[in-house]
Amino acid sequence: GGSSAPSPAPAGSQAGATKPPRATVKVSVGSAASLLYLPWDLAKALNYFEDENLDVQLNYANAGTDAATALLSGSVDFTGNSIDHSIKAQIAGKPTKMVVSFAKLPGTGLVVRGDLKDSVKSVKDLKGKTVGGTSVGSGTHLLLTYVMNQAGLVQDKDYTFKPCGSGTMAATLDAKGADACMNSDPFVTQYVSAGKGFLLKDFRTAKDTTELLGGAYQFTGAVTTQAFIQSNPDVVQRVVNALVKADRYIATNPAKDVAAKLPQSVTGNDVELYVKTLEAGKEYLSADGLIDQKGVENVLKVNVEDCKNNPTLCPNLKVTDQVDATALYDNSFAQKVKK
Amino acid sequence: MSDTVTLGVERIPLARRDWFVRALQLGVILFFIGAWEGLGRAGVLDPFYYSRPSLFLPRIAEWFAPGSTAGDIWLDIRVTLTETVLGFVIGTLLGLIVGYAFARNRLLGLAFDPLLSMFNAIPRLVLAPVFILAFGIDLASKVALGVTLVFFIVFFATFAAVRDVDQTLVDNVRILGARRRDVTFEVLLPAAFSAIVASLRTSAGFAFAGAVVAEYIGSNAGLGRRIATAEAFFDSTGVFGGIVLIALLALLLDSLLQLAEGRSSRWKPRRER
Amino acid sequence: MSDTVTLGVERIPLARRDWFVRALQLGVILFFIGAWEGLGRAGVLDPFYYSRPSLFLPRIAEWFAPGSTAGDIWLDIRVTLTETVLGFVIGTLLGLIVGYAFARNRLLGLAFDPLLSMFNAIPRLVLAPVFILAFGIDLASKVALGVTLVFFIVFFATFAAVRDVDQTLVDNVRILGARRRDVTFEVLLPAAFSAIVASLRTSAGFAFAGAVVAEYIGSNAGLGRRIATAEAFFDSTGVFGGIVLIALLALLLDSLLQLAEGRSSRWKPRRER
Amino acid sequence: MPPSITLRGVSKVYRPPKKPPYLAIDGVDLDVDQGRFVSVVGPSGCGKSTILALVAGLITATSGTITIRDDPVRAVRTDVGFLFQRDALLPWRTVRENVSLALRFRGLGRREIADRVDPWLARVRLAPFADNFPHELSGGMRKRAQLAQSLVVDPSVLLMDEPFSALDVQTRNLMENELLELWGASGKTVLFITHDLEEAIALSDELVVMTAGPGRIKARYPVPLPRPRNVSEVRFAPGFVSLYERAWSDLRDEVLRSYERSLRSAS
Amino acid sequence: MPPSITLRGVSKVYRPPKKPPYLAIDGVDLDVDQGRFVSVVGPSGCGKSTILALVAGLITATSGTITIRDDPVRAVRTDVGFLFQRDALLPWRTVRENVSLALRFRGLGRREIADRVDPWLARVRLAPFADNFPHELSGGMRKRAQLAQSLVVDPSVLLMDEPFSALDVQTRNLMENELLELWGASGKTVLFITHDLEEAIALSDELVVMTAGPGRIKARYPVPLPRPRNVSEVRFAPGFVSLYERAWSDLRDEVLRSYERSLRSAS
């Protein structure tokens, strides 16, 4: 189970009464190497957690689902995850709350294989093609379905959906197993800069997102359980402090400087490329950690619409308008973080 | 035989009676299911994660019901079975042939031994992109993944078993005029049969697991796909429904293997005490 | 022995000379690496996916260089090795004990046989959430995953090998006064040794693969984590660097197993022809 | 003297899978008194080894009862010395280790084991080969190692299945004399199977002749030769030849009968 | 007649791992002329089986040359009939299948195989047991099955390692007579190993006595008995006893020598 029991403060902290007791926080991060969860790594690299006297252990999962399971089962106290999992968890009767926002836009791109440059000019042109996301029911699948629906294309009727995995996505495209794919960075930047494909829609930008949804899309953030908030409000506040500061750091510093603070296990081997993705990321990464009500509603809208048009997309957890969007997050901690 | 007699039927011990063994096996499985259900109801196993037989058994029935909205279950079964059986058969044949060749040709075996040990340790999951590139996104790459699992299990077992065959038997048939392939099929393979079948029983299970994992990574159909979808929606009932189906299919394949083994083991002495 | 003579040293065939065999093995590996490099340079293997030895070997060197920014490689190795060895040892012991018990107790073996075959076919990856639930996200869940792989390989091999031991040998030692455990350690296990070691060689590789997959699913350190991160960046050089390291570690473990096997196989007749 | 081994109406039916059951021995009655040396001869395949396996508890009788020292045989007996007709040495143990087995099972210490094993290795003339593995021995040497293995614990009941059949005449004579000497004053009960009529007479107090399969007891002859005996000379003793000839003609009848039967069934 | 089998200065050193090399036979010279029946006797472990394995090409000589019909032995010979001292039947084949093996390897048809196998099953008296698996046979029956297995292809060179040692006297006599009859007019060359001096003399044209290990040829005796012979009567023929006694004393000397040596080395 979780191990958040605050341990007695170290001897040295007696003098400065300001120092809170040491606590251990376990975190399951939805995936490694994704900008969508960068604040966890950055806060750690900048020693923000240490400043709060927190021992934060980051555990990287292969998929958001695994991270969500770890949170719900009490194996970890926090996750870095997308809000879709919170919606499903709420319907299943396992309430969670997002307390810090990491990404206010989807942060994904719809990438088309290079050899289709001439035939695919808009989403409509994907009719009859095979289009991929990371997996069935994933955030990329939901958004993709919505995008396609808006263009009047329905899954299984007008196009084929292909779950491509994340690590296998480039290979799937190159093997012509799919014609276009929705995914986040570093895939988008990597694949496009390798000259293998081009961007059809870029939901890393406010422009394309607004065009689609009329506003923000509250994607990823730090999520914890209602129970943990109740028993450890103080620890939650300290975690939020560090993460919001990290959000702000990203927003206010040049990408190059941010990258310089990060270890290679976060930036990958090719730092230049990382800087490039980070620059693109500035547009969708949250600058203040506050969760946007409208953005959450947009996510819900996408979910509900998708379920209507494609019932196989939500076999047992039917997302309806009944979902309480305001119960999915809690901005009170982020609001308390001093400027 | 002129000296054959029919004495009154001896008491055959219970453990040798077929119906008793079958009943026992069923009992063990039913007990397991019952325990699962009981622990689920008692709240020890949270059904949110572990589901419960009384939940997933109806779900399976639903899948098979005509006009089910959950997609064509027969298609999924066919896809998964095809991948499994192909992976199993190809992996087994390769494992047998290479294991056999290496056991017979000492130098060849020694030369490639370290390379094979190294390959065996490579996590197949990590190689998924390479499989897709080399074999495409469809059937072939999924079969290939299964093959890499099955191959090594069969290979090492065959290699050791063939190498250890009683040399007197080989010498004898060679003098009797056995050509190389006679030695293979008359002596080495029968002698290694038990060990090979044991490896096949393991690898049949791994072939299923390989197929499902491959589908899990990326595919449009198959039981693995069905399970992955269910998992994405925290639908543990769907997950266990799929797992139970796979387990039943595996049981089928395993029974075939055991049947084959039983048929070819008539020559073995039965232990009396 | 009074009749011992020392004749002039006979010509030992090349294939029996240790240095020759080692050289050959190295040659095969070098050839493989060379081919990889060559095909990469020739553009047959797209380095975007397959990397190249001249790329990943320096990368590995970098990892080991003092003050590398890529994280502590020794920590990663230690973590992965710990998971692997624990999974391997626990899985092996369980497989040995259960396989042995089932082989000796006919009824027990028959009763649980179908259940085990079914379990064997369950894709471990799919059970990741269950593992996380039951064992948390730390060491234990990774070891557990390895155990489920190793167990079945060793179990089936031990079961078949012990069952097939020559009954005359067992009868003989029983009359000589062997207790149950004497029969186990003097007859059944030595007789089954070859088959068991073969299964260990397979399962050692699978233990590595299991640990890496488990890290891949969720972890904060280990070679699997390193590989997963590299894969997320489509950094095939990093991926193959990690794979090669794992393969080398596996080779090490395999050599230990072979050493053990060699030492205990002195009693076996060597084939002359 | 009280009977040490008794068989009462013992039959054994083998039931090979998918073949008709086969009656190997049929209603065998036999008493071997304490301290007696009884040899069993009979045509090949008549059920001699079956009887021995039954007495040792290795297989179960289909009907009848068997006792050793009034103790019904229900499981494998560890209070007997048993010499298998087939190779039964552990291939992964050296000669010395094989011979030490029974002592190790009885928990003896290293020193003590060596003290008892060494004389046996010498007695069966395998001292120079003590560290050889069984496959490094000749056929006769393996048999001798087995002999030492089963005798080293000095069992009071010996069940021996053609122990000397793989030895040359002289080695066999040496071994036979060793056996007689060992047995002489010890009060051991011996049930001895052989196909060598001369050996059977030379060694035993009583000779049992079996019929061709299904094995029954055809005749029992007391051996009226004085002890101690030297096996290489006993054949010139008075009484030897007449006994030999009677048993020989018994045996010949049986062999011929079974021969004819098998010819009949072949046609 | 031309020599069919020749050994010239043949030595064999076994090199067991981690033990000193062991000289099993030392400079053996032997000619067996075409159509001759030569028996080899010698103390247990003196290297008789080793010689046979060398001639069949199962193992390689450390020095010296071996030829069969002027053809140097370089690989396993398939033109000989070989009877192993140890069990060599395929356990997963029935008696009939085992006996058919050599014919199947030669590509004969079903019918033809049956025609040749059935008489052999009758000859070794295993017709009623044709469908038994080897473990369902007695020790003597297994030996007889092996005999049929190696003789069914009618090889012109026979190498036999104690073929009859597991049989009762009468069955053995039957088999010995069968062998003599088979061999009689056929011109087959037989190299026959036995530990039974009587059998050796009764069957052969020449008797070879070996020394205790390392095996050398100690003496060769022509057997001056007329043919055809009946093995159960030949021991009463003139000349038998004197030959028996000479060979016997040769052998005894060797056995005693090696006995003493082994006692020495044990102390």
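By letter and in written order, the chains are A, B, C, D and E; residue numbering begins at 1 in each of them.
The rule we apply is simple: a residue touches a chain if its C-beta (ideal position, glycine included) is under 8 Å from a C-beta of that chain, and two chains touch if they have at least 3 such contacts.
The structure presented is a predicted model; accordingly, all values stated were derived computationally and were not measured.
S.K.: So if I look at the partners of chain B and the partners of chain D, which chains show up in both lists?
M.R.: Chains in contact with chain B as well as chain D: C, E.
S.K.: Which two chains have the greatest number of C-beta pairs in contact?
M.R.: B-C
S.K.: Look at all chain centres (mean of CA atoms) and spot the one farthest from the centre of chain D.
M.R.: Chain A.
S.K.: Select the chain at the greatest separation from chain E, using centres from the mean of Cα atoms.
M.R.: A
S.K.: Just give me the whole-number Å value for how far the CA centre of chain B lies from that of chain C.
M.R.: Taking the average C-alpha coordinate of chain B and of chain C, the gap between them is 19 Å.
S.K.: Counting only Cα atoms for the centres, state how far chain C is from chain E in Å.
M.R.: Comparing mean C-alpha positions, chain E is 47 Å from chain C.
S.K.: Centre to centre, by mean C-alpha position, how many angstrom separate chain A and chain E?
M.R.: Here the centre of chain E sits 83 Å away from the centre of chain A.
S.K.: Chain D: which residues touch two or more other chains?
M.R.: Where chain D meets two or more other chains at a single residue, that happens at 58, 76, 86-87, 128-129, 133, 261, 265.
S.K.: Which chain A residues reach two or more other chains?
M.R.: Only 65, 69, 73, 167, 170-171, 174 qualify.
S.K.: Hunt down the residues of chain C that sit against at least two other chains at once, touch-wise.
M.R.: 1-3, 46, 49, 129, 133, 216, 228, 231, 266, 268-269
S.K.: So in the complex, the part of chain C that touches chain A is made up of which residues?
M.R.: Contact set of chain C toward chain A: 46, 48-49, 59, 68-71, 128-129, 132-133, 136-137, 216-220, 225-226, 228-235, 237-238.
S.K.: Under the definition above, what is the set of chain D residues touching chain C in their complex?
M.R.: That would be residues 56, 58, 76-78, 80-82, 84, 86-88, 90-94, 101-102, 105-106, 128-129, 133-135, 149-150, 153 of chain D.
S.K.: Touching residues of chain D toward chain E in the complex: what are they?
M.R.: Contacts found on chain D: 14, 16, 19, 41-45, 47-49, 85-87, 118, 121-122, 125-129, 131-133, 136-141, 144, 161-162, 165-172, 174, 195-197, 248, 251-252, 254-256, 258-259, 261-263, 265-266.
S.K.: Which of the residues in chain A end up touching chain B in this complex?
M.R.: Chain A reaches chain B through residues 65, 68-69, 72-73, 88-89, 92-94, 132, 135-138, 160-165, 167-168, 170-172, 174-178, 311-312, 314-317.
S.K.: Using the touch definition up top, name the residues of chain C that touch chain D in the complex.
M.R.: Interface residues on the chain C side: 1-3, 168-169, 171-179, 182, 186-187, 190-191, 193, 264, 266-269.
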